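Next come two complexes built around chain A: one with chain B, the other with chain C.
Let's turn to the complex of A and B:
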């Protein structure tokens, strides 16, 4: 019971308190600065392992799909092909295996397979996927910008000024209004949102450290 | 153009067209490109994580310094990271909780300090400025609008009090500021997406079609 439930909560409390306490001490307070610096370095490493954890989940669910010949299993195979192509060459490059100089280019400027995949597959696919949204954002704009009430009108006016003020033809006429709108009223809104969100995040952090919020461990409040 | 560039340009162009075919309707070409994108993205992050996170922080220090007292905490970090994978062994799946607890605990601790010291205090300080604007009317007006905006937006986000009466009116002004912010963000997003779209068309027309015609001896 202690190892399964209490120990993780105790570790969260300890790991959470170290950076908070360290914040209040100068660099020569090695009793707290040293463990904080270790944790800082170590958690970057753990985050690397945590990121790769997602790979296992993706492989599991897609292999299952292929085995059961579920609808769209061919696309699952394409996904795994893409992942293994980039993943294997990326891992080999990172380990400097097979004469690879890394994950970038060879000294003569020729790309490694990983760099080739980044430039000719990953980047165009990513940009096109985002660019496609330009079409859908137009229909979303039609729904959002219909002048039904004061709030929708303000939304419309702000968006129109920002769009007009950022293109060459409108920069002269609307540039200064856009600039003011972005700096002052938009700045005030963003500042309010940042303060509100930061306070919310800080209070959630406190709940996690104190063990009130424990769903990230798969535990219920009563456990 | 080198062979890998020609081949790469064709691959990139065909994948771009596959994705754009969605504008007509959902089809197997789009789904192929979509699945490939998901896989390639994941593979890309595997390479980046291994090369830029694990290699410089774990593999190289361990290889250079070996098993010494100085690298003990790195070995510990490696074990904590590997322990995350015990979740796939049902009998000892709970082992992974300890690693997760350390990882989450440290980052929420850091997050709490960073949010309060790096965001709340500087943003509040920047709002609480001299409203006289040092004699500059425009500056004074801007500071006043900023102060009213921040306070009313925060009032809108304060749900412990019912939004009616004077408080309701103030929070309504907060909504106006928020709408202005959302409108501006929407405008920026549209501009960003359209700019990406122009980039893709430039690639198709100039690099792919233009490059191919040029290699066939057409054009300059």
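Let's turn to the complex of A and C:
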């Protein structure tokens, strides 16, 4: 009971209260600023161990997939190859093993295996994913701007003004209207959402610190 | 007291007012007081989404955002995950929870395991339900999008903290024909979710989800306290607008300014 329930709740209480108290004190208040900075460092350390747990999980689930020849097992093989390739050459480069100068390029400018994988495989794949956003924005906008009712029509008209005001040809004529729309009605709505969300986050934090909200520990209130 | 930062006195006052209001309403709720909480369509639709997946014999995909457990949105998301996992356990529906952050992964695994235990179906739980994908944002997006396209889940939950991947995931899910429930407090991502998803939990609705779904009086009391604080903040804004417009009490603006 102590390890499963009381200890996590006690740690949560301390980890929640210390940053709040530290916020109200100046930087020279070492009695509270120091524990606060320890907490921030601890988060990084705990994340490091958790990442190891994640890597183990990736290996286990993908090896299982390959062994059982499940649907898409080839993707699992590619994933494991990529992970070990980058992991091994990245670690070896960082430790300068096997004549590797680091994780960048050799002195003559040719890339190390890690740099090659990063520049010629990883970065283009990342860019490809990000580039898809342009097409998805177009398809989402098409759906959102269809004139179905009064609200959708207002949205369409507003969107047309904003789009025209954001391109060189329309900036002169619609720039000020666009700015007004973004700053006044849009800004007001956004601030309303932000204030509500901030108070919601504070309320949730209070519930977590006081041990009322326990679902993140997988526990019910009654436990 | 020489270490106290006097420039943050206003924040301390608001913090104390907030705590007093929240604790008062929690106390009132525990004493059996009647608390009205408005209906949240996105949370009521969870039953419909899981039910649909069950009828179609397809999986439920739950994406808990891409931030770590120190982010409040992730904690709120885990509360919804707990509810969804209990339902999938009860109905025997397949659940898939891919993770980007390793700490969120560890917490989500614990949350789902406990949910299956509480639903009385520990036999249905397996370690593959909650799995780790990668720490890279777009590699994670590619993996989850791939799952949506290949396995076509009947229900997608995109609840937590999202950034550039929000529309990539939501549009892929929309194209796959899944019923989609999203929720985030990232203001810049909300329009994308509203466009591409069937239901969206906007800002504070996400934070209220755990309390709303659990129907726990003390949790509902905290939402009531939060609402009254919001009313106090709205009043302060209104007073600020009036004072600034007629040029009186300049000290008020100075005092409520955030430092």
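By our rule, the second predicted complex is superposed on the first by the 184 of 223 C-alpha atoms of A that agree within 3 Å, B and C clash if a C-alpha of one lies under 4 Å from a C-alpha of the other, contacts with A are read in each partner's own complex, and residues count from 1 in each chain.
Everything below uses one rule, namely that contacts are C-beta pairs under 8 Å (C-beta built on N, C-alpha and C of every residue); 3 or more make two chains touch, one makes a residue touch a chain.
Just so it is clear, the model here is predicted, and its values are computed rather than measured.
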item: Partner chain in contact with A:188 - chain B first, chain C second, else both or neither; value: first
item: Partner chain in contact with A:212 - chain B first, chain C second, else both or neither; value: second
item: Which of chain B and chain C A:201 touches, first, second, both or neither; value: both
item: Contacts of A:28 with chain B and chain C, given as first, second, both or neither; value: second
item: First (chain B), second (chain C), both or neither touched by A:175; value: neither
item: Partner chain(s) touched by A:119 [first = chain B, second = chain C, both, neither]; value: first
item: Chain B versus chain C as contact partner of A:131, first or second or both or neither; value: first
item: First (chain B), second (chain C), both or neither touched by A:87; value: first
item: Common ground on chain A, meaning residues reached by chain C in one complex and by chain B in the other; value: 20, 23, 43, 46-47, 50-55, 58, 72, 75, 125-126, 129-130, 132-133, 137, 141, 144, 190, 193-196, 199, 201-202, 204-206, 208, 216-218
item: Interfacial residue positions of chain B with respect to chain A in the complex; value: 2, 4, 7-9, 11-13, 15-16, 19-20, 22-23, 31-51, 53-55, 57-59, 73-74, 76-78, 80-82, 84-85, 88, 94, 97-113, 115-117, 119-120, 123-124, 126-127, 142, 145-154, 156-157, 174-184, 186-194, 196-197, 199-200, 203
item: Touching residues (chain side chain C, partner chain A) in the complex; value: 3-5, 8, 11-12, 15, 18-19, 22, 26, 68-70, 72-73, 75-76, 78-79, 82, 99, 102-103, 105-107, 110-115, 118, 127-128, 131-136, 138-139, 141-142, 146, 150, 164, 167-168, 170-172, 185, 187, 190, 192, 194-196, 202-208, 210-211, 214, 216, 218-219, 222-223, 225-226, 229-230, 233
item: Chain C partner contacts - residues on chain A that touch it in the complex; value: 20, 23-26, 28-29, 43, 46-47, 50-55, 57-58, 60-61, 64, 71-72, 75, 125-126, 129-130, 132-133, 136-137, 139-141, 143-144, 190, 193-197, 199-208, 212-213, 215-221
item: Of chain A, residues touching chain B in the complex; value: 3-4, 7-9, 11-20, 23, 38-39, 41-56, 58, 72, 75-76, 78-91, 93-95, 102-103, 110-111, 114, 116-135, 137-138, 141, 144, 150-152, 154-163, 166-167, 180-196, 198-199, 201-202, 204-206, 208-209, 216-218
